[in-house]
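Every chain is named by a letter (A, B, C, D and E) in the order it is written, and numbering of its residues begins at 1.
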Amino acid sequence: ADIKVGVAEALTGPAAKYGVAIKNGFTLAADGINAKGGVNGNKIALVVEDEQGKKEEAINVFKKLIFQEKVLLVFGPTLSNSAFAADPIANATKTVVFGTSNTADGITNMGPFTFRNSVMEADVLPVTTRAAVKKFNIKKVAVLYGNDDAFTKSGYDVFKSALADQKISVTDTETYAKGDVDFKAQLTKIKASNPDAIVCSCLAEEAANIILQTRSLGMKQPFIGGNGFNSPKLFEIAKDAADDTLMGSPWSIENTSATNKKFIADYKAKFGNEPDQFAAQAFDALNIVAEALKTVKLTGSIDKDRVALRNALPAIKFEGATGKFAFRRAAAKDGKEAGYDAQQEAIVNIAKGGKFILLK
Amino acid sequence: MFEQQLINALSLGSVYALFALGFTLVFGVLGVINLAHGAIFMLGSYVALLLVNQFQMSLWLAMLIAMLTCGVIGVIVDFLVLRPLRKRNAPHLAPMIATIGVAIMITNVAQGFFGAENKRFPFGTIPEESFTVGNLHLTAVQLAIVLISFALMVVLLIIMRRTQLGRALRAIAESPKAAYLLGINVEGLFLFTSFAAAALGGAAGVLVGLSFNAISPFMGQPMLHKGIAVIILGGMGDIRGALIGGLFLGFAEVMSVAYLSSDFRDAVAFGLLFVILLVRPSGMFGKILERKA
Amino acid sequence: MLEWWDGFWAIYSTVIFGIGINAMLALSIYLTLSCGLLSLANAAFMGIGAYAASMISMQTELAFPVALLAAGVAPALVALAVGIPTLRLSGVYLAMATLGFGEVVRVIVLNMEITGGPMGLNGIPLKTEWWHIVVILGITLFVLARLRRSKTGRAFEAIKEDEIAARLMGVNVAGYKLLAFVLGAVIAGVAGGLNAHYTFTIGPGNYAFENAVEILTMAVFGGTSNLIGPVLGSTILTLLPEVMRSLKDYRLAANGLILIIVILYLPKGIWDPAKIRALRRKFTSSKSEEVA
Amino acid sequence: MLQLQAISKNFGGLQVLQDVSFTMPEGSIFGLIGPNGAGKTTIVNLITGLLRPSSGEIRFNNQDLSVVEPHKITQLGIARTFQNIRIFKEMSLLENVVVGMHEHLNYSVGSMLFNLASFKNAEAKARERAHELLTWVRLDHKAHMLADNLSYGEQRKLEFARALATQPKLLLLDEPVAGMNPAEKTELMAEIKNIRQRGFSIFMIEHDMRFVMELCDRVAVLNFGKIIAEGTPDEVRANPDVIEAYLGKEDAA
Amino acid sequence: MSTILSIQNLSVSYGHIRAVKNIQLELNAGEITALVGANGAGKSTSLLAVSGLIKTNAGKILFEGEDLTTLSPHQIVQKGVVQVAEGRAILTTLTVQENLDLGAYTRKDKAQINKDLDYVFHLFPVLKNRASGLAGNLSGGEQQMLAIGRALMAKPKVLLLDEPSMGLAPLMVQEIFRVLKEINQTGLTILLVEQNVRQALKIAQRGYVLENGEIVLQDSGQNLLNNPRVIEAYLGA
């Protein structure tokens, strides 16, 4: 029988640019698995629903997938804020919820059925910062981040403590809001504070614009960014203005492992553009689940199978497009059992000539 | 730094003003808060992008066609949506809500067509480098936006104040019935206004798309918020108000970043708006005219 | 049958909760509209209510009714303070001032520690049950219905029609406007409190411009000439995306189209008593012709 | 009962009223006439509190009105009609009139919410009285129609009924018969006499001389913001200044 | 006398209220025709129908042989049928001068327009003094003058007047009627709706009486003035 897998992502609305890439990643993975005969002879059937990046919609979609479609597990939702609304539903019904793009703190504290393979900024940013400091001999930085978005704000929090740990002084901290396109006021202020580099917790599109506007103000500082930078969009928009930007992530388009090369080639062939990290993480996520399913004997009783999957997942070790992967149990909070975060190595990249290459 | 911030404020303010001109025109004449103006603005930049990308068209030609396309869409929206509502004597909120529907549709269809990601004009469409005087920087597009928005305002002002067309438009704005009695082709001018406003919106879209490299189906929404603030600040339907209001908002935002904190940029801008309305209940240029009895 | 219901309820309970909450929000804006005030502060009031109630639930041992009470009182106090200077603005200027106020509230919440900044508050206990919503919506409808038939309702309507004439009929215009504004804030705030306690999480983005406009849309779509309209409008607009799910990527376009078409043919909203009367007349007269 | 003392009013640079003073005794019908733009409506706006005088004092039963809010002025017993008709168009005729009784409907929030007897009685009485007033102006048969559907003249009558509903002691009428034909005017004249009989005082702006001459006890003439004559109708009619500025030869004859 | 405008079997309703029922009315070129009737009789409705501002249910309105019911309001004005509507329809946010300029919206002959403007200022000197002020700040009577002046600026062939003397001081009423007579003598056809029945019938060559949406009487102005039914119902005691 088919294994029904729920996918609840933002396919319309402003978060769709991530949601659509994620959906593509899943589709590619499912096709790959099914082409090889599925898992233990069972094909994977994706049930895709649009949660619009809204919390009420996420709850509705989760309920629909869990109660009506009776899916084995749910992937998603796209945004951390939606996850805080929807994940409790999954946990209450003892269904695995697997986030591939939720990076906020506390997601996996919502219950033991919460999993994610999205790397947390806390695992990546300190490494990136350290590498940047070494490379450019940085003493003081300015920081810029989006303050009305859970992802960019938590990235900022991590940067802040990493910078404090590494005793880098901060000359100026500036923020912007979703939808802003003009960052010159902040950048002019940053320019006046004369930092050695600019630390930026932003998503790729904003980052690209910020970089372009920085250059147009006559500033030459390197940028240090997080996961958000890891997208071909950065170069589509900023091209080589983005040179000397450092970014750390487990996944790199330059990673030449066989799995990754095949992933990138297949993705391009199927969707006509280059994958980003969101697609890669989604691709891996479904493969991780497939690995786990290989060890599970499905009974046909959905409740039992869901729990069996949950019990099988933590033990999975996997090497995919994003490299070596394992789960790491999150620290329990308030006496509540917690779920599982990702345990992965970050690769630090530097932008050169309009693409990221591994920083040596 | 202050001088650079002045330039930043001027250029940001001009962007707002440029967007607001078409927006305020529709309100001024049709009395409709056209919440689809943001969507039309967005469409303008996509049309030009498509032409430049697919047909290697020169930017200026692409911009012209984008304006025409948007204008035609404006006319279609007026003809299919706003006009029937006028005919049915709809209550004043109905057209605004209908334009929300239009905005949702256009945005959703644009996403289906062009995808959700941000796009930009190809490199080299316009000169990238910025003018540098001493320590001050201004890009060519920024300069163009400043000049164009001032020029457009002057042109529109002259039309509205000095020509019979302008008087007719203002007559319609106040009372279509009275305008009819004067022999004014009211419906024709409504269509004309919708065309002009949408074309202006399209032009704004192209320029903003060029200047910020963030063309996306959702680019109209934040601009719409600011646009509403601007036209209210300036006085609804007032052409001067759109420019002054835009510049005011630009300055408020930039200066609050420069001298307060970027955390409160929007709060300062909207808070100021709030305060200004308390002092001048009809905006800076709004006419306070009420015969009491 | 029972089983079917259980399944249905499991899937759609949140949708149905949403209808109730949205109905309250639409009614809250109906109230101010009925007094001629185009106020778009209701999303902000909803947020203030939601945050007040959630913080009580998460940080104190107080009972749910206390949290809901706070969800009503906190926005009422804010409305009082904001309303006194703002309510003399008219039309779109009031709309803008109230939107501006909403924006200020959003940015403040965004930058405060205790509200969780952009992350918002997470892990809000699940406390709202279906009958809470039914009872509170019922009370709201009852009070508003009684109000409509009283001198207060008439005063609201008179103010909407002609403020100056109303004033010279002895109506304390400023006072009644403030009353409508504050009552609207209470309803929106309680709706926010209820909503927070079944969605587990709230954030500053939930109460922004789009939400304010959405609330207005529901009310106008349904019709604002009486209480049925807002309830009907919110019901339909809450269900619509659910019903349209099969259209996938273009369902929002379909939503937009339906919105336009309904407004075109029913510019006073779906529930337009005059139109319904006319239809009935047509119906009965054609019937009587048959008889004759 | 009503006393204006040295009232002046400017709009920006425009001086519309200059040192206007007159006294209106209780129970009388007082007429104010004058050319268009003389400032008559402005005086009514000042009395009802919609405008505030630039200088001078308005007293009603010895109370200074210049600091009282408009709705309180109505509650003190002053009602008016408008030159440019301001009825509540989307309300029925009956409701229009009941709004006028706003201040006289006394019931508690509790009785309103739970439809108690005090609420029901008050509302029923108000409706009854509204019908009565509508009958007076011969509009009772349209009581449940929307006011918007009335013709111009009918709207004037509705406004009249609505003003009476506030139970005023002093009624200010701004051109009550504009737009009515002579027969209708005659009718209204009878009604106004009737009202005065019941103890109302009436302050009236009117351009119809027949109307003014027949009804008013005293008449003041305003020209360019100044009172140029005051007296009985006959005195005023004979005043050459008034003929020159306002009446013209024909009507005087 | 040639008929310039003829209303044939005209009916108009508001929803289910029938305001005008199958009326016949003819304007002779160069004459003043008065239309009188009680409040709500349907006078304004008839005029609105002629100007195309309200949809007719049945009937024709022929102007110089052409049916106006198929034209839109601005085309009707272009043909030369101009109305001074009830409630004046002054553009309050425009200046007095701009209102007058717009009166000539359908015309191009600059020189003649300026002459007509002088004529209007000659008729109503107040307007000249207030030319640059906002029309909304004029008093009621001043606005009425502006409305008439503005209509004259269109150089109409037929002028429809809905209660032009309403709200005017006696001196002004005389003035208006004098002006109407004067412009009529320049050859302008006028349809005059008036409550000031006596004056109206005095200057009108012909008159119609409308009751409950129906024409009940039609005769020369002089005869109507002496008609007992008219005296009783419209001229008062």
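Here is the rule we use: a residue touches a chain if its C-beta (ideal position, glycine included) is under 8 Å from a C-beta of that chain, and two chains touch if they have at least 3 such contacts.
For clarity, every value in this text was computed on a predicted model and none was experimentally measured.
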Separation of chain E from chain B in steps, with touching chains one step apart: 1
Distance-maximising chain from chain C - centres being C-alpha averages: E
Rounded Å distance between chain A and chain C, as computed from the means of their C-alpha atoms: 36
Whole-Å separation of chain centres (CA-atom averages), chain D against chain E: 29
Chain C and chain D: spacing of chain centres that average the CA atoms, whole Å: 41
Chain A-chain E separation of Cα centroids, rounded to whole Å: 75
In chain D, residues with contacts to at least two other chains: 41, 50, 82-84, 86
Chain E residues counted as touching two or more neighbouring chains: 137
Overlap residues in chain A, where contacts from two or more other chains coincide: 12, 147
Chain D-touching residues of chain E, taken from the complex the two chains share: 14, 17, 36-41, 44, 86-87, 126, 137-142, 144-145, 163, 166-174, 195, 197-198, 232-237
Chain E - residues contacting chain B, complex: 51-53, 72-74, 76-78, 82-83, 85, 89-94, 98, 101-103, 105-106, 134, 136-137, 150, 154
Complex contacts: residues of chain A adjacent to chain B: 12-14, 16-17, 19-20, 147, 174-182, 184-186, 188-189, 191-192, 205-206, 208-209, 212, 216-218, 233, 236-237, 239
Chain A contact footprint on chain B (complex, rising order): 1, 4-5, 8-9, 11-12, 15, 108, 111, 115-120, 123, 128, 130, 132, 135, 137, 139, 208, 212-214, 216, 218-219, 221-222, 253-254, 257-258, 261-263, 265-266
Chain C residues within the chain B interface of the complex: 38, 85-86, 88-90, 92-93, 96-97, 99-101, 103-104, 107-108, 110-111, 164, 209-210, 213, 216-217, 220-221, 249-250, 252-253, 255-260, 263-264, 267-268
